[in-house]
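When the chains are written out, they are named A, B, C and D in that same order, and each has its own residue count from 1.
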Amino acid sequence: MTLNLRGIIPPMITPLTEDCKLDYKGLKNLIEHLISGGVHGIFILGTNGEGPSLSLEVRKELITKSCEYINKRVPILVGITDTSFEGSVEIAAHSKASGADAVVIAPPYYFPISDAEMDEYLNTLIPKLTLPFLLYNMPSCTKMNLSLETVKKGKELGALGVKDSSGNLEYLFSLIDTFKDSPEFSVIAGSEGYLPATIKHGGDGAVAGGANVFPKLFVALYNASVAKDTFKIAALHRQVTQLDETIYSVGTTPSRVTKGIKCALAVKGICDDHMAMPLHRFNQPEREKVKGHIENFEKEFMAES
Amino acid sequence: MTLNLRGIIPPMITPLTEDCKLDYKGLKNLIEHLISGGVHGIFILGTNGEGPSLSLEVRKELITKSCEYINKRVPILVGITDTSFEGSVEIAAHSKASGADAVVIAPPYYFPISDAEMDEYLNTLIPKLTLPFLLYNMPSCTKMNLSLETVKKGKELGALGVKDSSGNLEYLFSLIDTFKDSPEFSVIAGSEGYLPATIKHGGDGAVAGGANVFPKLFVALYNASVAKDTFKIAALHRQVTQLDETIYSVGTTPSRVTKGIKCALAVKGICDDHMAMPLHRFNQPEREKVKGHIENFEKEFMAES
Amino acid sequence: MTLNLRGIIPPMITPLTEDCKLDYKGLKNLIEHLISGGVHGIFILGTNGEGPSLSLEVRKELITKSCEYINKRVPILVGITDTSFEGSVEIAAHSKASGADAVVIAPPYYFPISDAEMDEYLNTLIPKLTLPFLLYNMPSCTKMNLSLETVKKGKELGALGVKDSSGNLEYLFSLIDTFKDSPEFSVIAGSEGYLPATIKHGGDGAVAGGANVFPKLFVALYNASVAKDTFKIAALHRQVTQLDETIYSVGTTPSRVTKGIKCALAVKGICDDHMAMPLHRFNQPEREKVKGHIENFEKEFMAES
Amino acid sequence: MTLNLRGIIPPMITPLTEDCKLDYKGLKNLIEHLISGGVHGIFILGTNGEGPSLSLEVRKELITKSCEYINKRVPILVGITDTSFEGSVEIAAHSKASGADAVVIAPPYYFPISDAEMDEYLNTLIPKLTLPFLLYNMPSCTKMNLSLETVKKGKELGALGVKDSSGNLEYLFSLIDTFKDSPEFSVIAGSEGYLPATIKHGGDGAVAGGANVFPKLFVALYNASVAKDTFKIAALHRQVTQLDETIYSVGTTPSRVTKGIKCALAVKGICDDHMAMPLHRFNQPEREKVKGHIENFEKEFMAES
């Protein structure tokens, strides 16, 4: 049995209490919200999940509880990267033990490293994994863009696919082109706005942050893209684009997208929006803006959806 | 009488012959194509116009001929920036003499300079201008992002508006917010995908490179945005987004957007696509891709337009 | 009793065995080498110490053992920064319990954060510390340059000083100028080549990576700088500059300086040069080059020293 | 007869009057100062020469006058790069006609370009040159680092050498290593602090901005480096390093080095320090600092020189 990764796989935010513990109730709500929205998988402990900000304990607990709550209804992917190699291996082992389906590898993110060092890292880490794995390209946080050669290397070592959050459409297309003769290897967009282009060009899906809030919208856009339904794509893609222009444009910090997503979930009553240091949830004025954007968005689009 | 800059103002590409002279016939065709497409103004000698690559003689000739061919049907804006101050002043004087409507100022682009040096540059240059002027923010080429303070300074010195090609939606929104009480000051998006967001947020229009090829599409999107026609915006914006995913994604050089636009105009028979050093037009394989994209685009969308 | 941080404080490399455990014998040797070389303090778990690559267990063990071996002969400073807030607090508590003298705070390094987020981080972290603390500016790894305002904020909150590894002499001088009326606040260069300039300009010392290998050289240069002995400064600074031109220029990866230092210690027989993933020690060809540079260096300069 | 480029080749600043005309008297003084200081060549219209800020007329006049005043006593190299290809060709032709010895080619600097575009640029430009030529790597201003492949390509097309101002010692060493079997091809450091390392590693000299002010110091350091006189190198290199720590650290703009050099020449009475827009000479407070640094420098070191 192999995982066939495609479709909408939200990079799940991590519901937290004010003192940075796991919020079980919020987590349960969020998972039901996602699954009832039709998502094709769930990716935990990525950037939107604030993985690197969480202690090893909280990360392990999130894995255990997510696997329990999801209960095999959709595949669960776990981001394992830690600046310590031992930390990554430990999270990977815990993912296997908890029943997760795959792990996700990004470059360790303190030292700037060379391509050869990244390849060597994969060579050493992968034999220690007991689950299928994907690569994760996230240069704005890791200071490293995975080279095409590194992704090829990862595939040789068994990778199921790659998620690209570079924001560079050229690079994403070159990934799709490079692996077009390997349909079992998934190329997944990390930039949600690129979903229709990804599918049209031959890619497999999107790890769409906005699908935390609006899973149905993204699933519908994925389905329309697969069906090549130009009219529907246009209407739905415009909604996705408008998230950029509204919720994701509140605040001025580099992590405003994650903050906006968490805040929108709080506004919708799905979970609270506490964040782990060094990030902080929006204050009241930003929250009011997000609330206004959500209301406008629902007023403007729900008739059509 | 004042210029009221708004709507779609294409950054006109410069039709050139193989030996880098002005292509009069292509220029005439292109101008008629733009004006019959309903554009609200024409901006020459910007980045898409390859201004900095053209000799002073060719730049002057382009100004003269463009003014003659346009013949007051729409406002004409001229990019004057040169690394030599005297060069900028000379182009500005020639613009006035030729009957242009406004000039456009970007930072001189060899030395990295400070905000204070840019302010001093404006202080010295502006008194030497005899036409209205706009500021032009183009950090990927000039190595400088105009600060809000510099734009305010420009406005105090008489600027009619600012064109922002930073690609940073936050910054664009902050410009609109800063000048919201000055309706006579135009804030114009240099990133064509931001047109609906710009209008919705209170901005004035777009200097849209793609409007060289598809002026009607951009004018229709501008009109739909002003009319707040959600359905139409969605359908038309999706078309604009698809340019990014097709024509602008051919080739891998940083200037592939300009090359794609010029190539598309050649494919459509409007003008040839020769470029000034250091850029070069697409070769046959890229040209075939652009041709395919244009055909698909027209097949897919023209029914709807 | 207050710590008066000044002079040469090597950012100690972490001696490791092949399987990434602590190398006790190497650690003991290295500490004796440093203390007999006259250093004024020892900074562990910084960038050269590969702090972020080590598991929490190894980090704690290093703290315990270093405190034991140093045994109060010189102050010991511990880098505590972890991407998880709880991890930083845990290392800080362990440092206090082990008898360390101060802790060192850098920005958490996964998410790009704003100045305001960094200030809030300090506000929350510092009350949880039970030891004196310094700030550590290391933008090439943390993606954040500490602003002057943030350093002032840190000082208000009790910081003993700041170590600047930006490599930007302007910024270092501006730190010295800002705090010149607070002699108890130490401004320490993280770029060893700036040692004479730092002292001349009114700063306090250097966290010099090269002092792992040549502690006497750096201590002598510090003393000559304090004594304003122009001839001696010239002779000794040239030696320091030559490290850049030799040992630090072997290899091409961004972390070649740390690799060169560790390799040089292995060549000199002080400790082995194993590194924690994702870094790797030099292979034989690079090691031969380092060996040659060390021999030339000792031949060329030792007569003079 | 071939040029054998080696030694100290100052990137001559351009003496200007307040209204940005050529200052003949200052130019004559400066040339005599350089030649009597023993320099091995003079490079005009580089970055320190503010080449891109000068009108075509002033650039041509500077070439004519410099050739006349230098009168074949040392080789004269002329920077020709202009964003317009025709401009570069015109300056090259004028250099030949005026009796210059070589021209210097940098990438045109408005559009970010690919390596292939740079190679094509060289392919097209070089056949139009009638003088020997060098390549000039200046990424901080041109946004492009010349690849080793491009430099090899330039050599195949006839380049006499390359001047590297990247500030990257690794890259400079790799250039020296690449061309070590072609002694007729000169590798020249654009970073003056790298002069001893360049010579020791097998390179040929330095285009040292500070040699505008202190030509004898740099010539002496070059001679000591060639003679491998460790003591002398140490004493003289420390003086060079101190320029970084003093004159070049006055002011905070990116072009403070050029401003400091021009100001130092004014303080020494050699020429005035007017600059072409967008740069400006130092104001009185900065000028006082430069004056103080010059006095300290001469007091501290002249006894030894």
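Here is the rule we go by: a residue touches a chain if its C-beta (ideal position, glycine included) is under 8 Å from a C-beta of that chain, and two chains touch if they have at least 3 such contacts.
It should be emphasised that the depicted structure is a prediction, and the values quoted were computed from it without experimental measurement.
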Touching both subunit A and subunit B we find none
In terms of mean CA position, the chain most removed from subunit B is C
Rounded to the nearest Å, the gap between Cα centres of subunit B and subunit D is 36
Separation of the C-alpha centres, subunit B versus subunit C, in whole Å, is 50
Subunit D touches at least 2 other chains through residues 252
Contact graph of the chains (line, ring, star, complete, other): ring
Pairwise touch list, complete, is A-B, A-C, B-D, C-D
Interface with subunit D, subunit C side, in the complex: residues 169-170, 173, 193-194, 196-197, 200-201, 230-231, 233-235, 237-239, 241-242, 244-245, 249, 252, 300-301, 304
In the complex, the residues of subunit D that touch subunit B are 20, 47, 52-56, 83-87, 107-114, 116-118, 120-121, 124-125, 140-141, 143, 252-255, 276-280
